[in-house]
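Just so it is clear, A, B, C and D label the chains in written order, and each chain counts residues from 1 on its own.
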Amino acid sequence: MIYFDSDYMEGAHPEVMEALMKTNLEHTVGYGNDHYTKNAKDAIRKACNAPEALVQFLIGGTQTNATVIDALLRRHEGVLAAETAHINVHESGAIEHSGHKILTLKAYDGKVCVDEVDKYIEDFYRDETYEHMVAPGMLYITQPTEYGTLYSLNELEQLSSVCHKHNIPLYMDGARLGYALASPAADFTLADIARLCDVFYIGGTKCGLLFGEAVVAPNPQTLPHFFPLVKQHGALCAKGRIQGVQFLTLFSAPKDNAAKSTTAENATATETTLYKHICNHAIELAQRIRNAFGECGYKIAIDSPTNQQFFVLPNELVDKLRANGVSFEDWGPRGEEETTVRFVCSWATTDEDVNALIELVHKL
Amino acid sequence: MIYFDSDYMEGAHPEVMEALMKTNLEHTVGYGNDHYTKNAKDAIRKACNAPEALVQFLIGGTQTNATVIDALLRRHEGVLAAETAHINVHESGAIEHSGHKILTLKAYDGKVCVDEVDKYIEDFYRDETYEHMVAPGMLYITQPTEYGTLYSLNELEQLSSVCHKHNIPLYMDGARLGYALASPAADFTLADIARLCDVFYIGGTKCGLLFGEAVVAPNPQTLPHFFPLVKQHGALCAKGRIQGVQFLTLFSAPKDNAAKSTTAENATATETTLYKHICNHAIELAQRIRNAFGECGYKIAIDSPTNQQFFVLPNELVDKLRANGVSFEDWGPRGEEETTVRFVCSWATTDEDVNALIELVHKL
Amino acid sequence: MIYFDSDYMEGAHPEVMEALMKTNLEHTVGYGNDHYTKNAKDAIRKACNAPEALVQFLIGGTQTNATVIDALLRRHEGVLAAETAHINVHESGAIEHSGHKILTLKAYDGKVCVDEVDKYIEDFYRDETYEHMVAPGMLYITQPTEYGTLYSLNELEQLSSVCHKHNIPLYMDGARLGYALASPAADFTLADIARLCDVFYIGGTKCGLLFGEAVVAPNPQTLPHFFPLVKQHGALCAKGRIQGVQFLTLFSAPKDNAAKSTTAENATATETTLYKHICNHAIELAQRIRNAFGECGYKIAIDSPTNQQFFVLPNELVDKLRANGVSFEDWGPRGEEETTVRFVCSWATTDEDVNALIELVHKL
Amino acid sequence: MIYFDSDYMEGAHPEVMEALMKTNLEHTVGYGNDHYTKNAKDAIRKACNAPEALVQFLIGGTQTNATVIDALLRRHEGVLAAETAHINVHESGAIEHSGHKILTLKAYDGKVCVDEVDKYIEDFYRDETYEHMVAPGMLYITQPTEYGTLYSLNELEQLSSVCHKHNIPLYMDGARLGYALASPAADFTLADIARLCDVFYIGGTKCGLLFGEAVVAPNPQTLPHFFPLVKQHGALCAKGRIQGVQFLTLFSAPKDNAAKSTTAENATATETTLYKHICNHAIELAQRIRNAFGECGYKIAIDSPTNQQFFVLPNELVDKLRANGVSFEDWGPRGEEETTVRFVCSWATTDEDVNALIELVHKL
């Protein structure tokens, strides 16, 4: 069997596991007050070019979104988000459980339109009865989106401008942020994101770690009293150093020499990290898959430059691929003649598996 | 330095780490639908003699308490608990964040008194204005308590009876349950707990795992729709198998031969598990520490038969121990002449460190 | 000035005020345990042909919706509602404040489509990941809707069937229910509503009272422990008899003889009440306004058979009417050439004012 | 029958009812934007000597407490209050429903001790793990307390100082504030309260109105975005002017000439209002009752200088009084030989009823 179902099917990247093993019996204080966590935070601050940033490790994405949104909103406020946003669809009502309404905007392949954000807020305050409605108190975006698409640097700058014009924070859900940064279509860096977003998180669960998400607020005043809120939301690990060790490994240079040299070629001024290395790997494979389906004339469902690829395939091909041991998900209900499917690559996807898939696509 | 600060200072038991390493690159489905998780649940059901039990893995203690309590209570109800209960003191208001009041009872070395539970509920419904007050909707206890003390089997049976007489569930926070079961003072088994509690959790974070808590509801009807609630509370791991692998290892026989034979001697009808083995180890060491201080004439602050030991020591000794490289926590503010301190053992505490400590206690 | 702005511009119907005056200095027990409240509940049970119904008086609409929805939903569930529903738009996030998501359906002049309700629920449970989403736990409808439109008896029967097929309750927001019942288009009675809805409320604030909404659950098991929830939501009046006296008057025969005879002509088997009488009055006037605008060739914006009427008028006419002392609201932003406006009648609207308006419409 | 059960057994003071009748058919805009409400707010600002104050009318006490506390606290904070506080005992968990913990202090006849408030906060921040606990974010007091007792001006000044030293707001629940101000023991004015409290409310329900509580924040910045929060909490009346008319009457000079002259004698620099007049009346009667029981040698249970009086009476007397038509409440469970009882006077209590009671006390 070869697997393209999702980017959370395996454990952690071997270098991460090695670091956990190596430090396993050390004694450290709890709740993230250890030196691994401190060093990991510093490494992230450096990678973000945000030396003053508050960095806090949480455990999973839904929890992180619920905690950050709860921290950023006042009680009479809601969060603007695309109608397809993860928080609106797949978090079992975690945002509303904390008391906040999600104010939905039309989604364009998972993205919100900057003009519509502006118009929503303008219209809101123009309405005389606005105090009877939920005030737009922040903007939530995903990068890449749930559909693999990206906001360009220009779009991010505009979203940031609109938010700050209206005095609300911009929050980016970066569950798969590494796959955005590694995309050939990316014209932004982590430092750009730190410059433009008020808060964002660097997802670890889908990018090489067992679990863990790093919330970053370049200006720490944006998230006052965040620590007790993290505890209150059940998002604080007693053994905080487990996230520290993992993130420190992720934001260090990869040990694998081949990796270093390969990545070095593409490297810009900033240092190569394991994070970049493994996300680059996933993107390269995803693009190869995309090209293979494209070359064979199959429909690209969504124009995704990241690690999730969506195709509209004839049901016959879908069935044959599965019969040949390829595992992947339908994206929506099965159609009568053809079905939209998703193929996902990650740090754990191998060249061999992708080669085998491509061969099958050409053959079947 | 030798450390007795807490039971969450290290990573996971080496056998647990080994299992994680061994399975690291396998592909499994997410959210706990994998076979490791299924097998781990079965192992727990077996250990609890509760073949129909709902078992669900969560991540940490505060989160588990908040989620279970939210699941068990109706909106007009609160949770009865000792005033010293972890949920009342050290969870940053997580229970109230979910909308529930904690109804406090007097604590006796961390324990509630069964007669006072009964009286609280009787008095409540005798008050004509009770609908203006928060109804006692469940009872929360910790085993062992935050003070290392234990409820005996008889006390548990009485608490269970009182709860069921009043038709409310009994919930046990078992963050350190393994250390209760391993205590020489324990006259109950995991099966007794499963028989007497409506819901309880088997703590992994403090008993050998990187993280993870196993919620058990012997009658699954007690926790309907628990899965989406876990997700809503941000307590669901995408890579659920990480908890599965860990708990499966914890509830399997230990690999270490010495361990097997040592434990086998004490073994009763039920099988030896790594869980029992490592908790026994911690208890043995804790009792040795206790005896050492006792023999030297120091005051035992709380009569604890579990892995946390509390002593009232002269400040001079406290300072000397620390000067000699022993790390441990003050329990409350430093006194003028003597101070209450806590020594904690865990699966990770070594014989060598305990020997060194005992030598110092005798010498200093 | 003549006013058609809304149906909450005045105090209470004179007969209601008279009843409050007459009983003002009597001593009664608090919180709705008085005999006026008991009698008012009985009068409502009788009017609804629901002898076992739980009837509880709350204060205002937003509060009533928040309390009932909180009582009906489990924590992992949300409430299905039209995207234009009052709870979704104009309640400042009161539903989300209680932790519940509003699951929106397309609105057709304020109404939901029965097939879309069915499809939403069918699709939901067909999705394999449904436990990661908010379960549809009830259906909220307004009668009449925010746009003055009505569900017919047949539509109500279908909505009730779909809800019960899926085992979720149907809840009707009846803030203006009296104006629905009094509509010439109404083919349903209060007894039909009690037969088809699991919970509904009879709005008093907009139908003749100072304030007060009567929640009715024909089967009281639908709302267990409702009283403490009402208190918890801040919706319980210390002087509960004030609502009792008001609702008792509203559901008694009108004292005014003319009223009695007029209404008697239209009366069916059930008795005439002040409630019917004053709502009939409002509807008659609203229909006269509608006819006047229609006769003069102005566009009817929404085909409303109730007390709110919506027209698309040339801005010139809008301005002239206002210059001539007619007060009414724009419904949405002012257009370039014409604007949608709303005229509302209530028990307090006078024949004289409607005559004056009609004359102006014909003249201007 | 003569009634001393509570201060919410009747409707509104006749002058309040008269004002409601007189304005009943006027047309005003909703939600408190009418001129009656504006004028009532101005009258209250003047009475409080707080010209910039935010004044907002809510409906009932539980709701007001929940809304104000929700507005004042950040999410990680709780509210300090006496263990006997109304919010802790008799509000069905409304505060926790909004997500906040009540941090209880020992109560001394309903009052908190200023030193203990200080110590609680000092100890809290001295604890190294304070971020795992709920931060004291405000102080809640009642004036008079649930036991009829008063904080003196000096005590209020000290409480205010301690709160401001620790940078938390002081909030006073003034459900019966008028009866505090009218007490012969009161050495403070409404202006003092406005000077010392960050937020307080002037209770109308128990002091002459049908319903209504006036929240006052002398510095309006203390309660930003309060209006949508009031709406969200279901505490906003569509017909806001009903509270406006009532409070305007309460804070105007009484119409009754006798009242004017009587009160005038006691009047200080500030004007006489109906509020003062009717509360003075209640206090005078309550003191007469107290004196009568005292003179006859019965035990005073709590030394209350306000409208609630508590006595420990022989059961025989309790029964005889009731047999003679006197209605009053037991305060706690009936004792074996004697029982604590409560007698309450209000604006509605008559001289005749008090005379009759006193005669009975002397005779029986």
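Keep in mind that, in the parts below, contacts are C-beta pairs under 8 Å (C-beta built on N, C-alpha and C of every residue); 3 or more make two chains touch, one makes a residue touch a chain.
Only a predicted model underlies this, so the values are computations on that prediction, with no experimental measurement involved.
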Angle of rotation relating chain A to chain B [CA atoms, steps of 5 degrees]: 180
Between A-C and A-D, the pair with more C-beta contacts: A-C
Chain centre separation in whole Å, for chain D relative to chain C (CA means): 34
Distance from the mean Cα position of chain D to that of chain A, given in whole angstrom: 52
Whole-Å gap separating chain A and chain C, where each centre is the average of the chain's CA atoms: 45
Interface hub residues of chain D, defined as touching at least two other chains: 75-76, 91-93, 97-99, 131-134, 228-229, 231-232
Sites on chain D touched by chain C in the complex: 1, 3, 5-6, 8-12, 14, 17, 20-21, 23-30, 59-64, 66-67, 91-94, 97-98, 205-206, 210-211, 228-229, 231-239, 242, 327, 348
Chain A-touching residues of chain C, taken from the complex the two chains share: 75-76, 78, 89-93, 95-102, 126, 129, 131-134, 333
Interfacial residue positions of chain C with respect to chain B in the complex: 31, 70-71, 74-76, 99, 131-135, 225, 227-229, 231-232
